[in-house]
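The following pair of complexes shares a single chain, chain A, combined with chain B in the former and chain C in the latter.
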Partner chain A sequence: MIDTLLLGNFVFLTLKNAVPLILATTGEVIAERSGVINLGVEGSMILGSLVGVAVTLISGNFIIGFIAGGFAGLFLALLHGLVAVVLGANQIVSGIAITMAGLGLTSLLGRGYVGKSLYGLRPTPLYPYEIPAPDEVKPLITAIIKHDVIVYVSILIPIMVALLLFRTKLGISIRACGESPVIAESLGVNVTLIRFLSVSLGGFLYGLGGAYLSLGIVGTWVDNITAGIGWIAVGLVAFSMWMPIRVLPSSYLMAALISMSYILQGKIGVSSYFLSMIPYISTVVILTLINVERFRVKIGAPNALGKPYVREERLG
Partner chain B sequence: MGVNQTTFFMKPHGDENNYILSVTGVSKFFGSITALRGVDLNIRVGEIHALLGENGAGKTTLVNILYGLYRPDAGSIKVFGNEVRINSPKDAISYGIVLVQQHPMLIDKMTVSENLSIGLRSLGYLKSPNSVKEVIKEYSIRYGISVDPDITVSNLSFSERQEVELVRALMLNAQLLMLDEPTTMLTSYERKKLFSVLRKLKDEGKSVLLITHKVMEATEISDWITVLRKGEVTASRPTNKYTLDELVKLVVSDAGVFNGVRSVKFDYNVVKSQSPEVLSIKDLIVVNDVGGVAVRGFSLAVKSGEIIGIAGVSGNGQKELSEAIAGLRKVVDGRIVICGQDLTNKGPKDRVKAGLAYIPEERLKYGVVGDMSVAENYILKSYGQYSGFGLINMRKVIEDVNESIESFNIITRGPLEKVKALSGGNIQKLIVARELRSNPKVILAHNPTLGLDLRSAALVRELFLKAKADGAGILLISEDLDEVITLSDKIAVMYKGSITYEINKNEASRDVLERAMLGLLNV
Partner chain C sequence: MFEIRILRRYEITNKLKSSIYVASFITGILIFALIEVIYGANPYDVMSKLFVKPLTSYADLQITIRYAVPIGIMALGLTLTYKSGIYSIGSEGQMAVGAIFAAWTAYAFNYIEPPTSIVIALLAGALGGLLWALVPGILKGLLNVNEVLTTLMFNFIAYSLTDYLIYGPWRSPRAYGFPLTEPIPKSYVILPTDGIPVINISTFILSVFLMYAIIKKSVFGYQVRAYGSNPTAAKSAGISFLKVALLCLAISGAFAGLAGALQLTSVHNRLGPKSWSVTEGLGYTAIVSAWLARLEPWFVLPSAILLGALINGGLTIKAVLGQPEGVVNIMNGVILLSIIAADFFINYRFVIKVRE
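On to the complex of A and B.
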């Protein structure tokens, strides 16, 4: 027999835990589609997380805090855009530096916020009432219905990004920059601008994801709150084959793994450390599989991914 | 851009200065190298103008200046008599000047309509690319081009890609269409088709600048020819005011050398039947990047001292075949034997050891490392013989490289120049020099003279004949049918992944071969 309460709990957690992953992964898809790999996801997320808590406390409105978190993520991504896109520095180095900066900065600035209560300020379920349903299915239905607005909006984001990338001229320009900046430039596309824009948009989404983590999931600020979620998002981009729509199933799968590790803690005689390794181990497995040559040809990574583009006088 | 673009096109045609484009005294220097010196070029409305010159004569540099990719160091550019500054392709396009580059500027993974939406100003930023489909169809019908807007570019042949480029130029409202070596990879049928489109454009009052190194081509289609040699204009007059001999002399900077190469009597020794097989391919099956069967049941043997030519239209499995032989692509089934060793699934290094030299089609991708110097590229395969105690003796390397630079007539600033700064023809000469110096037993050459001027091509061909006389077996895969016919002892036609037609050199007929290449032959 399946324990319906446990199952309901699991589904509820999975839907919630998927939100930061969906937002951050979708953001990274945009950046990588334009040819820029941004390893600053973790840094942008954690800054968004802290700023989200701080602004919510000041303004008294979680929506304002959530959006502010997005802008905090965007701020760090702008640095990446400046260094890696405009100045053409190594994208990997710049991204890691930004993650380090985000982690350090939040440790320092977040001291006063650790454990501060957001009582009455956290996102509340859209439908706060009792759900009339038979006892067998009630926990499951509750788990799906009783979420705040952001959980449902986050499902729309990848769909909107898919439309942007595949159904608009701006999206085609973004993809052209990711496939061949030389061709894009010769056709009159401002590669630097488009890449900068994509990185910024990505950063905004990382920040939103981070803000939801503190506001919606944890409910307060703690040091190192992201604990690797940003890195998982980077891995999920490849797992989603750079397709925004596929970000949804892959994020839910990963969120399910994470939620399972919470739920199984204390239920079975396995160390909690081992369980919290699940997401990272699965990221490694996914990345290994995906980097097997035969798969890689088929999954379609952007050709110019990670290659800086600086307009040259002599093109060779 | 202070000048409104519409006023440009409304100038009356009877204007005395009826030049759509007028270039005066343009010079361009790359460091100490003079690429262009005081070049004048005048293109009239409704004219097909040929810019004729060898590789390295400065044609591409001039075109890049006109397209805003380089900035001239001196001189002026006028569009309809108004002086303009062209700082980017965007500027050029706004003046109605559009370049169709030698390698189609298309993104393989995108569809035709997506490709044609990139940078299209008339399309709003958030508007769907679907709206360009109608326009594509309209132009296709008008100019007799067949372009399917929904097909992914990777499925198109070279000439189809070029047609897509032409449609793009028209969509950008091109008044002056510049084509950089457009016929290099076309069959004669495809070339005729292209020329008929160009004539149609001319009839509509558009101008065409055809950049070419082929004398015959320039005389065939153009109204006016400007000859460029070593960065300077040597002649510019109506096409019918030239004689062919005169043109050749004007184009080739050192006519004596050219004649010397050309007059070499090729020695077509009949290959002795007991010559050993150096390369044998049996029932080879190879798949392409997307998993389709590209080479199906291909069998062939090359003997020492013979050249076997494989003719065919690009995209019939030649790329996959040559990569499989070179060890760059996995073989699904079949065998590859080089000098008696079965190397079917061995890597490139073992094949080199067995005596294989590979002259790849994609020079910059597989032939050289662009960011390394001429000298470093030269010893990529043989650095072992220059090292002592693990260190490379650069002095010895540079001596040898200088010798090759001279004997192969490679135009470069020196052995330490980065290879990517060389022109395509000179890179190819460098690769051939490197590959042939080890006295290989088997030479695999894929489009070895593609994009090379007459003299460089003749030099490369002569080197092949020399290698052949020294006992090498050569497999020549080429889209240039004339080259295959001239060089090969035996000719095979590759169509859809296998050999559909085989013939000895002296029995070959060009007409039959061309039909076989297009799959029109009932075997």
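On to the complex of A and C.
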């Protein structure tokens, strides 16, 4: 027999834990579709996380804090845009540097906020009332219905991004920059501008994801709050085959694994320190599997992914 | 009206090239100093604590070396991997596992006397780091699995492994409730000779020579450079990618593990949780050191000492202003960004034309 309470708890946690992953992975899909790898996801997320808490405390409204977190993530992504897109520097190293800067910046600025209570300011369930349902299914239904607005909105984000990428002119330009910047440029697309925009939009989504992590999941600010979620999101991009809609199932799978590492604590005879390795080991396993199956060849990464493009001119 | 044009440079003098690098490095430090000043530090204080004190006072020089040696040894391993076009960021975890292996050796063979004990501990550390890098290496070599992500995931796994040991089976009952292991036996502790950490410094210098020999004088080093400059050509020339990826990661892992063992035996003497950990985030600073050295083994020597001094100075400022550990991370990030942005000014030049 499955314990319905336990199952309900697991589903509840999974839906919540998926939100930062969905937002960050979708953001990275946009950036990578334009041909730019941004490994600053973790940095953008953690800054968004801190700013989310700080602004919520100041404004007294979690939606304002959430959006502010998005702009904080965007701020760091702008740096990546400047160094890796405009100046055409090594994208991988630039992203790593931005993550380092984000981690350092938050531990410096966040000291006054560690453990500060967000009591009464955290996102509240959309439907706060008791659910009339038979006892056997009640925990499960509650786990699905009793979420805040962001959990449901986050499901719409990948769909909106899919529409942007595949149904708009801007989307065609973004994908063209990712496949062949030279051809895109010859067709009159400003590659630097489009890539810069894509990286910024991505950064905004990382920041939102980070803000939900502190506001919605942890409920306070702690140093190093992201603990690798941003890097896992980068891994999920390949697992989602650079398709925004596929970000949903892959994020829910990873969120389920993360939730499992919490739920199983104390229930099976494995140390919690080993359980905490589950998300990281799963990421390695997933990255391996997608390469074994040779998905990369069938639905590949954008052709020009990671290749800097600087428009140059010759005088005369 | 002004018009700014970006033109590719086809030739550049070495003098201009090095001035651009130095200027970008200084820019990075200035940005870091600016952040500190905004945060409330006195600018004169910041500059003297970052540059003058860590390299002039005798006591401070020792602390600088305490950081410079592990940074340098790990950066040497990274120069090799980065030269092959493989972006490992796993030094941190490999260093942690190196420390675990060295600690295990020290507890298990506590009857061995120095100098044998020290040699065994350092070798065990190198082996630990090597093993930790093996899985990402095999996955990269066989299946081309993204090594940036796998090496990083292994860092997190190494943190969890350390936590398991210090909160679990290795926790000392005599550490006043702190999650620390027992100190390693005296026979495994490296002591400085007349106040100079001779073993640490000589290990570092030997590593520089060793890495120089691997990269510049061996056939393998040539193959690595071939992959770095043109992977397609290297592959068609029959150089095995599996061999290059696996060996690069294994060697850099061994260097990082060695650094971990060295820090354990000469500085920390026990394993501890994050704020007292053996690694102290130096595995990430090593990335900056490798790029700052332009991936040249010789240049790692000054770059590691510079970064060691900056960490030392940063920690002094941190202590004076009561800032958290993460300050060093800001410095790492800002300097790394500045030095890679320098490539743009080396490859391109601006021409400003005035239009009517």
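Rule of thumb we're sticking to: the second predicted complex is superposed on the first by the 308 of 316 C-alpha atoms of A that agree within 3 Å, B and C clash if a C-alpha of one lies under 4 Å from a C-alpha of the other, contacts with A are read in each partner's own complex, and residues count from 1 in each chain.
As a convention for this text, a residue touches a chain if its C-beta (ideal position, glycine included) is under 8 Å from a C-beta of that chain, and two chains touch if they have at least 3 such contacts.
Please read these numbers as outputs of a predicted model, since none were measured by experiment.
S.K.: Between chain B (first) and chain C (second), which, if any, makes contact with A:Ile98: first, second, both or neither?
M.R.: second
S.K.: Is A:Val83 in contact with chain B, with chain C, with both, or with neither (first, second, both, neither)?
M.R.: In the superposed model, A:Val83 contacts chain C only, not chain B.
S.K.: Answer with first, second, both or neither: which of chain B and chain C does A:Ile131 touch in the superposed model?
M.R.: Neither partner.
S.K.: Would you sort A:Asp223 into first (chain B), second (chain C), both or neither based on which partner it touches?
M.R.: In the superposition, A:Asp223 touches chain C alone.
S.K.: So in the superposed three-chain picture, is A:Val153 touching just chain B, just chain C, both, or none of them (first/second/both/neither)?
M.R.: The answer is neither, since A:Val153 touches no partner chain.
S.K.: According to the contact criterion defined above, which of chain B and chain C contacts more residues of chain A?
M.R.: Per-residue touch count on chain A favours C.
S.K.: Go through the superposed model and pick first if A:Leu108 touches only chain B, second if only chain C, both, or neither.
M.R.: In the superposed model, A:Leu108 contacts chain C only, not chain B.
S.K.: Once the shared chain is lined up, is A:Gly235 touching chain B (first), chain C (second), both, or neither of them?
M.R.: A:Gly235 contacts chain C only, not chain B.
S.K.: Same chain A residues contacting chain B and chain C, which ones?
M.R.: Residues common to the chain A contacts of chain C and of chain B are 313-315, listed in rising order.
S.K.: Help me check something: in the complex, which residues belonging to chain A touch chain C?
M.R.: 39, 43, 79, 83, 87-90, 92-94, 96-108, 111, 223, 227-228, 231, 234-235, 238, 271, 273-274, 276-277, 280-281, 283-284, 287-288, 291-292, 310-315
S.K.: With touch defined as at the start, can you tell me which chain C residues reach chain A in the complex?
M.R.: Residues 5-8, 39, 87, 89, 135, 139, 143-146, 148-150, 152-154, 156-157, 160-161, 163-164, 167-168, 284, 287-288, 291, 323-334, 336-337, 340-341, 343-344, 347-348, 351.
S.K.: Could you list, by residue number, the parts of chain A that touch chain B in their complex?
M.R.: Residues in contact with chain B: 167-170, 172-173, 175-176, 179-180, 183-189, 297-298, 300, 303, 313-316.
S.K.: Flag every residue of chain B that touches chain A in the complex, lowest number first.
M.R.: Per the touch definition, chain B meets chain A at residues 30, 64, 69-71, 88-90, 93, 101, 105-110, 114, 117-121, 123-129, 289-291, 364, 370, 420-421.
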